[in-house]
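Questions regarding the structure given below will be posed in turn.
As written, the chain order gives the labels A, B, C and D, with residue 1 at the start of each chain.
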Amino acid sequence: MLSKDQIAQRIAQELQDGWYVNLGIGIPTLIANHIPEGINVEFQSENGILGMGPFPFEGEEDADLINAGKQTITAMPGAVYFDSATSFAMIRGQHIQLTVLGAMEVAQNGDIANWKIPGRMVKGMGGAMDLVASAENIIVAMMHTNKRGESKLLEQCSLPLTGVHCVKKIVTNLAVLEIKDGAFHLLERAPGVTIEEIQNATAGTLVVPDEVPEMNV
Amino acid sequence: MALNKQVADVKSALEGVQDNMTFMVGGFGLCGIPENAIAELVRRGIKGLTCISNNAGVDDFGLGLLLQKKQIKKMISSYVGENDEFERQMLSGELIVDLIPQGSLAERCRAGGAGIPAFFTPAGFGTEVAEGKEVREFDGKPHVLESALTADFAFVKAWKGDTAGNLIYKATAKNFNPMMAMAGRITVAEVEELVPAGALDPNQIHTPGVFVQRIFEGSNYQKRIERVTTRSRQ
Amino acid sequence: MLSKDQIAQRIAQELQDGWYVNLGIGIPTLIANHIPEGINVEFQSENGILGMGPFPFEGEEDADLINAGKQTITAMPGAVYFDSATSFAMIRGQHIQLTVLGAMEVAQNGDIANWKIPGRMVKGMGGAMDLVASAENIIVAMMHTNKRGESKLLEQCSLPLTGVHCVKKIVTNLAVLEIKDGAFHLLERAPGVTIEEIQNATAGTLVVPDEVPEMNV
Amino acid sequence: MALNKQVADVKSALEGVQDNMTFMVGGFGLCGIPENAIAELVRRGIKGLTCISNNAGVDDFGLGLLLQKKQIKKMISSYVGENDEFERQMLSGELIVDLIPQGSLAERCRAGGAGIPAFFTPAGFGTEVAEGKEVREFDGKPHVLESALTADFAFVKAWKGDTAGNLIYKATAKNFNPMMAMAGRITVAEVEELVPAGALDPNQIHTPGVFVQRIFEGSNYQKRIERVTTRSRQ
């Protein structure tokens, strides 16, 4: 079973040289720590920066320089700041090659729910609806099951949707899966995790090929 | 000679604000918010406000200050609830909340300022955000028709400004400020440093003064940080 | 009868302090030379400047600094440069208080034609269609008749339209007129010009009040 | 490390241009045009081009050079004809010309780059520009639905740029360049001065590098002036 950091590490292997990448809050944020050798990417934060760098050194925080998670950050050489309309022009116009975000539920048709639980306080979708509706390449980073042990990979989402038919790849603590032809296709399993465990944790239709290699993390 | 938009202080800048008006308030979280204008709105105690702002501040700062005094009737935002009082008012039904995808919010403000009454965006298709809205396919992909937003007043915050109303923002404090400046019927800009017209490089201005009706140099900026994150020096 | 420069001078009297003004090519350009005392306005040129100044001194022309007529210009203190989308956001969003432009024909319902003569080379509408469709306050500056002596103030435009129901005021070499209730209303006549001369030169419906003062130029 | 968009020269920058492609070409008149890219297009002799550009150059410069060689099949512009060869080809039917209001042209390029497939604008309502287009009233005022424009290549010209593709324009040479940079599937930027990533102030960049695929430092800029107008020193 992967730790959150290992999920991030596995997703980092998907990065291609020259990509612009938008990382959501939570597990996706950790991906920046695992960029493979020889791969050069630039991170966008939708509040208005391309070329986001690591957290500042203590004492060097700048209230005017934050990321979409409202954390203090730094800017890399070659960075640029812009307004929110321009930021989402980049996103909607498909100038960002990869979006990684968390989810509460993913359905086997690619639907995603990650913003609202009826009856609970609703904080809002922020940029998530724009991101999932626009990005050509979306990876969901999440635990395979929720805190009650229920599968988050469903035949159909039960929560209000963030976007439809948009998720193509999922990396969980148990597996790497692809969504194709209305089903979850198992691509890789976490070290030590059996196919049966993955099957048991997946409520939606799971297609298991003859060979399911272990992830390299 | 450049037109002069300078007003004496925040009080004159907010002349004409009234109960039940619609305001746009710049900023993302507490970054780039018009602290002086918000304080003056609290002081004036006007009520029944509709606020268009990406976030709603925290309990004791930003728009949270207006929420505390129950001056806001409706919030139009993309992400809220880093704020207990907000949550209480929302769950009790005292506060109406209209949640909008962040990119649509930004573009709707720009559209309002640019005389574009409506545009199509893919964001929100298939979700409750699209309910009751026209949907149309372009290139095989469904899009939702979204309408422009405008406001009686827009309150924005910039780093530098000149007396002609030209504005320069700093880093990610730019965020929603430029579009909201465009979309206010009266746009009030507060700046950390106000200089005479001609002192800013005309190549480097982010918001042309034509969008700004009143400008003043703000004071006592707290510029609070919501989440201080640092790394250690090793 | 007014000279072109006097037409510009008369229109300049319409300027109000604090206005942003877009001046078209031809007669409108001359208005900048006649700004009344105590009136402060800023000129926009739709190719991307607010705060346009006079022509540069000889030898100080900058190829990167031109107006919409492609003439070399200067920038006033407080000027700002912007892209074409922002420029027309100002225009469409009604942030410019006055637009003055020329016309080939104006109809008594406010229609204007100023971009195309069928059978002749068509150069294009440039920004004119955006300007007339958006501006709240449009003044047409033109000669009352064309080179063949025919009226340019018509019941209905015969040329392809630039915009509909948009012109509210016209200043010609003969008169100042307002368009209201589907007719041209005569407001002022040029010094020495009789009402009869204006009537003869106006093909559309002309409403003549009891008093028609002479212009003050 | 910032992504590196620098290519060696104009030849590598234009790799992949082919007959019958659609190009956006920045500039207003001869101001801010990508002189090097145009020269290379002439050299390559590719034909059947559709060019989206506010103007079409003059007889012996700008896009006029491509017209001379009959490389352009169709022009999408707002104002043309400061060019005899253009006029000849247009009247003879050799050249297709699609005239678009200038503001709609600018906004359609921006929309193409911003993933907005269509928007409503008042420009052109009641004129031949609106023929065949959807018209809808907003606030009692009729608007025309206009669609986004994109291009196989966008050729833009900036004053300064860095290796990450970030661009700064000078004065009114900005014009259509920023929106076209957004709307090109491959955007080629030529700059008067190319500096390393990090050398430009991130607050002062007009076009973020994300919109630029290839950048190079141009040479031999003529920067011709169409109408020299001056006043005398008195």
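Following the convention adopted for this analysis, a residue touches a chain if its C-beta (ideal position, glycine included) is under 8 Å from a C-beta of that chain, and two chains touch if they have at least 3 such contacts.
Keep in mind that this is a model prediction, so the values were computed, not measured.
**Q** Once the contact rule is applied, which chains count as partners of both subunit C and subunit D?
**A** B
**Q** For subunit A and subunit D, what's the span in angstrom between their mean Cα positions?
**A** Computed from C-alpha means, the inter-chain centre distance equals 36 Å.
**Q** Let me have the rounded angstrom distance from the C-alpha centre of subunit A over to the C-alpha centre of subunit C, please.
**A** That gives a centre separation of 55 Å.
**Q** Just the number, please: Cα centre separation of subunit B and subunit D in whole Å.
**A** Computed value for the inter-centroid distance: 32 Å.
**Q** What are the residues of subunit B that contact at least two other chains?
**A** Answer for subunit B, listing residues that touch two or more other chains: 107, 110, 114-116, 121-122, 169-171, 202-203.
**Q** Where does subunit A touch two or more other chains at once, residue-wise?
**A** Counting only residues that touch two or more other chains, subunit A contributes 49, 75, 81-82, 85, 88, 91-92, 134.
**Q** Could you please write down every pair of chains that are in touch?
**A** A-B, A-D, B-C, B-D, C-D
**Q** In the complex formed with subunit C, which residues of subunit D make contact?
**A** Within the complex, subunit D contacts subunit C at residues 28-32, 54, 77-82, 87, 90-91, 97, 99, 101-107, 109-110, 121-129, 159, 169-179, 206, 223-233.
**Q** Which part of subunit A faces subunit D closely enough to touch in the complex?
**A** Contacts found on subunit A: 18, 20, 40-42, 44, 49-51, 75-82, 85-86, 88-96, 134.
**Q** In their complex, what parts of subunit D are in touch with subunit B?
**A** So the residues of subunit D in touch with subunit B come to 107, 111, 114-122, 136, 138-139, 143, 147, 168-171, 202-204.
**Q** What residues of subunit A sit close enough to touch subunit B in their complex?
**A** 45-49, 54-73, 75, 81-85, 87-88, 91-92, 111, 121-130, 133-134, 160-165
**Q** Can you list the subunit B residues touching subunit C in their complex?
**A** 1-4, 110, 112-116, 162-164, 166, 182, 196-198, 202-203, 205, 208-211
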